[in-house]
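One chain, chain A, links the two complexes that follow: it is found with chain B in the first and with chain C in the second.
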Partner chain A sequence: MSSTVYIAGLGVISGIGNNVAEHLSSFAREEAGMADITLFNTIHKGQLPVAEVKLSHDELIAISGLPEQTSRTTLLSYMAAKEALDDAAIPDIKSFRTGFISANTVGGMDKSEDFFAEFLADNNKGKLRNIFDHECGSMTEIVADKLDIKGFVSTISTACSSSANSIFFAARLIKNGLLDVAVAGGTDSLTKFTLNGFNTLMIVDKEFCKPFDENREGLNLGEGAGYVVLVSDKVAKTLSKAPYCTISGYNNSNDAYHQTASSPDGTGSYLAMQGALKKAGLKPSDINYINLHGTGTPNNDSAEGTAVKRLFDPTYPPMSSTKSFTGHTLGASGGIEAVFSVLAIKHGIIYPNLRFETRMEELPFEPVKHFRSGQYIKHVMSNSFGFGGNCTSLIFSAT
Partner chain B sequence: MDQVVEYDGTRLPVIEPDYKEYIDLKLIRRMSSVIKRGVAAAKQCLTDAGIEMPDAVITGTALGCLEDTVTFLTRMIELNEEMLPPTAFIQSTHNTVAAQIALMLQCHGYNSTFVHKGISFESALLDALMLLNEKEANNVLVGGTEETVDASFKVLTRLGLYRRQPVSNLALFETEAKGTINGEGSAFFLLTDKPSPANLAELTGIKIFYQSDNIEQDIIDFLKEYSLKPEDIDLLITGRNGDIKNDAVYKQLGSSIFESNATANYKHLCGEYPVSTSFALWLASNILKREKVPSVIFERKTNGDIPKKILIYNHYFNKYHSLMLLSAI
Partner chain C sequence: MNCITSSCIISQGTVLKDGHQLFEKKGIDASAFLLSVYQHFGLNYPKFYKMDNLSKLGWLASEILLKDTFEKENYQSEQVGLILANQNSSLDNDIKYFDTLKYIASPSLFVYTLPNIVMGEICIRNNFKGEHAFYIQDQFDQGFIETQVNYLLDNDILDACICGWVDILQEKYKAVLFLVEKQRGEDAVRFSAEMMNEIFNRA
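Right after this comes the complex of A and B.
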């Protein structure tokens, strides 16, 4: 049993960068990743901005050395997970029980939706290599094999909180003495399926999204992957560089209100944040930065904002939604934002909530508008909420 | 357990209950098969356990809500992305069953869904055991759900997973051939940390292996953690599915470390699907409670007494292996 679980490595890829260093630079330049769709043909091209990773399929195949039929979901996962594992540089990793816990929402749908178009016309048509091994678990398995991780391999899918839950689960596997090291996070690539799905719900903004703004009109979809390397205290002692921080709190609560909509008072979000604080043994005033779920939809930001108000009033820590840079990366967002949260502690930075203009009427606070460095940041809360009422909050703390 | 149904073909359908007994009529109409079955199985499980509100809900499903996924994909293509109704999309996420259970129960507790191939259910079970171990929960509702749709059956048939000729499920093990039969289903369990004579069985241990180099040794080591040897297992339930390649491992074990044990199979009753081990766990728990082994599952009978220790061993394409050890109360 390990009483403390440390974060020893980070890896991230999204619309604003292919690695940690590029992300830090995009944040400092306050440069968002949204642009026109280039990845696939859709009637929404030129209409709905998305935050694509700036690497083509061919480039990702060339870098990773994975086979041609590999889903973009897997390729993005590999890029970030590899960066995280290399960053952790755990000496003699073979001597430890290492697991890979990943998350995604639609597996290899980028390939499956192409297969399905041919299959629908004729059930005996469609290239099987575009559907075989494109389920959610396969995305994880291929990357685990490539990273030579065998200790434990599994996948979580709880919609937009998926990868926050995989980090949470990984931390518990270490605490329960079942693993020494875990690479955990999640991945999702842009697909026609999800773009059209969110569009039917009428929650996609035709302009760049404005999270927590009174005049917000919805989210922009993004893609990417984010992973952290979690280690036990035994492994932490063997590291050649100090771990970034610890994962001190986590909670998963269900809103139990509606399949897609959040309850008006943000019950699930409130319970998740409150539970994570309790687990970490912290008070709301101990939190130095909140990385909000902040999708930019009227419903999410109102519910999350109300929950923040209920828990933090009257003193609010700085907070922002980095989805104003990366778009909403769905199953990857919890992992990506966990990486951002850890970097906030490491570098003493707070990310801006781009394009924020007008404070929401019902809220007495507003997000941070510009990049800040030189901040004292000891405890960061990261929120991830999803369809099905799945609400998860994580807390990272300086050692 | 006493009413065995025989089918001829390569696809075993679910025997549907009367969903009105479990779910509001208005809701039933909007629910896909996997959601209805999952919610109904969960409700029946809670009723049987006498628990109204579990502390956590955890499900396992490899392929999730296929019916809604296929519906949305089909409409997206046929309607050329225009004027799509959202219902199929919002119900297509893999966590829909766990979410609908939470919604119906108004359960705000821990809620998660594992989607990892042939160990989706075992991952959920492991998570549940950890929650009990951490004292984060006293009662955890855990289930495995999977649905087959025409499209998935067709694709898996084209991939060569099933027998080429129709076969009686009850005669599945009589011929050695390539391929198995497809199945689907939902099974839920209420895990409690409270010992009680009313409990069905004790889930003594569970272990998941990825790429085992030596499964015999792994099984021996697992049993050793509970001070047991292979010969102490009164009944071994294996994941034999009628496919010659799949079954080789079980055959090998049956003539080595488990050469003298009573052995049983279950996939001729439920078919092959990624969370079929949830059916096996249901079967094993009921065997221990009822103190009776249905004759239809035996591969090898012994003159032993009523089983007290059951080991379920399943592998998924020889890549994932899982062990579940159960003990009589």
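Right after this comes the complex of A and C.
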């Protein structure tokens, strides 16, 4: 099968905006989404900055029309997936086989945490409806129902590469003729479990994160959701507006080095980037922008940087970590950053890597510091690397 | 025909391979015993010292299970997998981790607060990349393991599978691993729930 897979719609919500337009404007203003915690109920309030979506539970319920007990993970997913599907505006979508491939890592844990606080204090207390949708697949099912997608529904959970793998999987489903349209990406909301877990691993920065900086101290958590609508050749011809671009390359490679850390030489990341280039039939020098995984942890940035050096040396394309804006949105990050990668091609823009000051000692390159527009961008690589060494790279290409 | 080509039991101070006792040391606690097994068999894998006791137990059992028996060069990495189960998940390490919360939550204990990490340790050591799954059951369910392993082997998803039980909670520990392969060596016994049950209960 050699048919082309097009990107026809985009939807995103994160700490820097509730839709695509708000994101573009935050990027141009170089305004980060991290701040003191206001909505999220945690003992770290006032101590650790996070990038919260600036809509409360009640506001999300009112906008979405979903039931009161709906997990924030589901609500964020619905917001972005709906925007993507509306954006694609596929005429007569009912006549196509449409799928929803959505990733997340926390599931309905935000609600489960509320349940257990009450339940542990008194075993007769706690509302069971708050744990009913605990598992990751529930998020996807609820949103698929609400979007009336029935062709194929699947959930992927591979840590921080989850939603890049959803897009990867969706592209293959279309390429192999199993679907005509797929809404693919992922979602994650802030939970006590993830913030406390990352804090236990001692990789959370108490200040705003500084990806790829010599003096980086860790990540900031974020939340959000990001989806792209992938369509086949056949569907692309029916669209009323031209598709944004194609997805030309993808690869997943596994480091298998440590439960959470990447290998120091970034073997998994190197193989993922190299494999995606091969799939796309491109050379490293064809890439015009890399949206780095760039979490801001000493381990990730050093491993990813080493892998980039190994593959791209001596000529480096512009690159940046947009986690300096959105924080690390875990299972949503691959989807959110796929949207940013597509927008980079569409608008000829390159996002800055905020707060970058000092080049890493071991690297001969540094990320882009300020917002650039009017760029010629044909091929963008987007990296998403997860715990356990689960590494995925995607490549988007102008049509 | 799927065959059990090797078995290993580590339980309460004794180590058995294929029914023969290879090592015994009673009257010491679980951590000290696991270290003595590591030393007795002359193993050299510094990462052992970082592992939680569940991983140490499962990893040691896999080392002894495979040693001098498993012909790795006959297999592709993707053709070897694992199906393991236990009763107490990672509770042994979870309790130790929970105790550190009073002071400073320990990152090195935190990364072992999942039962399937033991499989990761075995896979990393041997470069196994096939299907693997970890189940939590009240007791060793031979029929369930038999179904899972036969499915993987009979559908050519795997060519060899390590399966069995790895359970530890404080001072109570038992690992019983089976190497199941398609080809039949002369000593091989037929892989079945009954045979697993018989071997399991020897310990």
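Simple rule for what comes next: the second predicted complex is superposed on the first by the 391 of 399 C-alpha atoms of A that agree within 3 Å, B and C clash if a C-alpha of one lies under 4 Å from a C-alpha of the other, contacts with A are read in each partner's own complex, and residues count from 1 in each chain.
Everything that follows uses one rule, which is that a residue touches a chain if its C-beta (ideal position, glycine included) is under 8 Å from a C-beta of that chain, and two chains touch if they have at least 3 such contacts.
Every value quoted in this text rests on a predicted model; they were computed, and no experiment measured them.
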Superposition on chain A - do chain B and chain C clash or fit: clash
Touched partner set for A:Gly197, first chain B, second chain C, both or neither: both
Contacts of A:Phe40 with chain B and chain C, given as first, second, both or neither: neither
Touching partner for A:Phe371 - first (chain B), second (chain C), both, neither: neither
Which partner, chain B or chain C, touches more chain A residues: B
Partner chain(s) touched by A:Gly388 [first = chain B, second = chain C, both, neither]: both
Partner chain(s) touched by A:Thr260 [first = chain B, second = chain C, both, neither]: both
Those residues of chain A which chain B touches in one complex and chain C touches in the other: 196-197, 199-201, 256-260, 388
Contact footprint of chain C on chain A as seen in their complex: 196-197, 199-202, 256-260, 388
Touching residues on chain A, where the partner in the complex is chain B: 42-44, 105, 113, 116-117, 119-120, 123-124, 128, 131-132, 135-138, 140-141, 144, 150-159, 165, 169, 172-173, 175-176, 192-193, 196-197, 199-201, 252-260, 267-268, 271, 386-390
Interfacial residue positions of chain C with respect to chain A in the complex: 105-107, 110-112, 114, 117, 120, 123-124, 129
In the complex with chain A, residue positions of chain B that touch it: 57, 62-64, 70, 72-74, 76-78, 80-82, 84-86, 89-96, 98-100, 102-103, 105-117, 119-120, 123, 127, 130, 133-134, 151, 154-155, 158-159, 208, 210-211, 319
